[in-house]
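Read through the structure below, which is laid out as structure tokens, and then see the notes.
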Amino acid sequence: MADAVYKKIQVVGTSSESFSDAAAKAVSKVAETEKNLSWFEVVELRGAISDGKITQYQVTVNVGCRVS
Amino acid sequence: MADAVYKKIQVVGTSSESFSDAAAKAVSKVAETEKNLSWFEVVELRGAISDGKITQYQVTVNVGCRVS
Amino acid sequence: MADAVYKKIQVVGTSSESFSDAAAKAVSKVAETEKNLSWFEVVELRGAISDGKITQYQVTVNVGCRVS
Amino acid sequence: MADAVYKKIQVVGTSSESFSDAAAKAVSKVAETEKNLSWFEVVELRGAISDGKITQYQVTVNVGCRVS
Amino acid sequence: MADAVYKKIQVVGTSSESFSDAAAKAVSKVAETEKNLSWFEVVELRGAISDGKITQYQVTVNVGCRVS
Amino acid sequence: MADAVYKKIQVVGTSSESFSDAAAKAVSKVAETEKNLSWFEVVELRGAISDGKITQYQVTVNVGCRVS
Amino acid sequence: MADAVYKKIQVVGTSSESFSDAAAKAVSKVAETEKNLSWFEVVELRGAISDGKITQYQVTVNVGCRVS
Amino acid sequence: MADAVYKKIQVVGTSSESFSDAAAKAVSKVAETEKNLSWFEVVELRGAISDGKITQYQVTVNVGCRVS
Amino acid sequence: MADAVYKKIQVVGTSSESFSDAAAKAVSKVAETEKNLSWFEVVELRGAISDGKITQYQVTVNVGCRVS
Amino acid sequence: MADAVYKKIQVVGTSSESFSDAAAKAVSKVAETEKNLSWFEVVELRGAISDGKITQYQVTVNVGCRVS
Amino acid sequence: MADAVYKKIQVVGTSSESFSDAAAKAVSKVAETEKNLSWFEVVELRGAISDGKITQYQVTVNVGCRVS
Amino acid sequence: MADAVYKKIQVVGTSSESFSDAAAKAVSKVAETEKNLSWFEVVELRGAISDGKITQYQVTVNVGCRVS
């Protein structure tokens, strides 16, 4: 396999639905400006609370993109 | 914004359904005795296994509450 | 309670569906060869991306098994 | 010296002035409800930004209090 | 098993005898005000020295208590 | 609140005056090219020494910026 | 010295007596199935509490065994 | 020395030869688009295995670049 | 891609030549008893010194193997 | 640049004034016995509390000194 | 209290008896050459195994000494 | 084996050639003033970059020396 180089971009996705949705949104947003997204790593899971209920899920991910 | 002070309370929620449900139960329980819950941070994900299947999801979270 | 000894086995489950499914698959696979699985600890959450979308969820877990 | 027991309380102080002021506010707030505060440990330094400038300093500290 | 919620309380036990005694004192002190203590986790081991000898053992533990 | 996505940019600010000034310079520099800076997290504190005195303060910060 | 290879096996020993006894039990159990045990590293110290007293000590250790 | 600001860019270099070559490739690639590269920090060492042999070395590095 | 499960095996390779050689020896040894080795992660780099010179390189690696 | 070797000395500075002053005192003290101090890294920030107020700032720093 | 400076010295004590004895030996050895030892912090617990039994306890400690 | 005590000395070796050479230089320098060097542990790998190329390798190591 060729000796590729990848950059890691750290993004925080947020969602009122779930951590999964927050991660998907983070990846989608990176895909708008970067090509060749290859993998992601979850760095942190947090969220917001209102009136005693979880109202926002926040996922910090590193997204690995092959540099052309 | 005013110079508020927050305390962090560490709780472990458990659920036979999912990590999400375990986190929600943890937050709800804190809301029974504390006011002004603002955010949470996931600290640890674990669980119990019986007969080769996951039977309990356990989520340790720090819950941030504004001190009035 | 008796002074049992447990071993921890580190496995990575993968799933095209969700992190939960990946964890379940990891535990099931360990259950094929080990007895007395007792608990698991999530060590890492990662995944693969294709065409700007998450296509695989990968969960590294430690599975604790009682040694008979 | 007597075999004392201490509890650690984790609080987040905030200030528009400085990290030092945020830490002082966190300690003062704990002192309103707890006695015998003995030491603190800085756990995290963060802050808020508005219009490209730091507008709030946030310090997470563990405060150690002797339990009587 | 029911979907219980646990809180973790961080305490530092001290003893002139041993780390074990310090941990036992920490747990006993928590038991004076909390019910349903279930487990503990050792977070830190330190101590004081006088005249070139260890004169105090200090154990920081998280104590998990089921919230009723 | 809308499901925003944020990117984190890691920068090192330096100052001959103080850690606070170094952090402020780091944030200002990011603000020259990025919009919607929201928060920062201190990652590392270091510095240079000359002739036995601290001559430069260096602060590594993650700056969180909302992606439009 | 020859270029040996070692594997590390992670086990959790438990004891109603002490952490030392729990570690000894963990090592003994590994010695039942593995040869050439060389060293151990303590990874985690935890335990169970009943009626406000420590009733079980749990030690997680990595045991290094030379592979023949 | 002037109060410069640096950004850190995280990249993964790969090589079929060695970790050193992988690091060199990572730095070279960053140099194609960034100026004033000053230092690097090794964050992670991994690699791929085929037919029981190491076939690719992967080095994650943070590259520090002075922002003009 | 199929939902494979991988196990991670932690081994320590040693070599009088270099860290690279130590890692290669560790992977080779795992390949003697396991099939489908896929990747490795460097966990720790250490070594022995005799007469003021490095005489042994020791590399702890996690080797990921697909479970059939 | 010559292939210098540096040693790191870990010291704790204390001050009733500020963390900055505590760090400066730590560096000054090292400079009394060591030459060629080059840089410092902040390892830990703690302090003492009396009567509900911070009365001492304690900074643990690694000081890097070139070995001649 | 005066603005003292402390240095931390990292030592590894060993004992065929117990971790406590190993820590005591480490502190005693430091006391032979340093004055004003004030505290210690346990950094690591390891040991040697022979014939399937623990034969040596090894404790790495940081010893804090006030610099006069 | 006798109950020896070891001290750990943290040094940073630098080399324009390789990380291995940097580590060797670090160990050699310690051997000029200390006796009975026994082992080393790699703590950090960094380096300098000039004109887009790695020009210096820097290895931080802990060197363990038996205290006589």
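Assorted remarks:
Each chain gets a letter, A, B, C, D, E, F, G, H, I, J, K and L, in the order it is written, and its residues are counted from 1.
One rule holds in what follows: a contact is a pair of C-beta atoms (placed from the backbone, for glycine too) under 8 Å apart; a residue touches a chain by one contact, two chains touch by 3 or more.
Small disclaimer: the values here were computed from a predicted structure and weren't measured.
Touch-path distance (fewest steps) from chain D to chain K is 2.
These two copies of the sequence, chain A and chain L, are related by a rotation of 120 degrees on CA atoms, to the nearest 5.
The interface at H-I recurs elsewhere; of J-K, D-J or A-F, the pair that shares more than half of its residue-numbered contact pairs is D-J. Centre to centre, using the average C-alpha position, chain C and chain K are separated by 38 Å.
Taking each chain's centre as the mean of its C-alpha atoms, chain I lies 22 Å from chain L. Residue positions of chain L touching 2 or more other chains, listed in rising order: 10, 48.
A list of each chain pair in contact follows: A-B, A-C, A-F, A-H, B-C, B-D, B-E, C-G, C-I, D-E, D-F, D-J, E-G, E-K, F-H, F-J, G-I, G-K, H-I, H-L, I-L, J-K, J-L, K-L. Within the complex formed with chain I, the chain H residues making contact are 18-19, 44-49, 52-54.
The residues of chain K lying in touch with chain E in their complex are 20, 23-24, 27-28, 30-31, 37-42, 63. Residue ranges on chain I touching chain G, taken from their complex, read 9-16, 21-22, 25-26, 29, 48, 55-56, 60. Chain K meets chain J in the complex at residues 1, 3-8, 10, 62, 64, 67.
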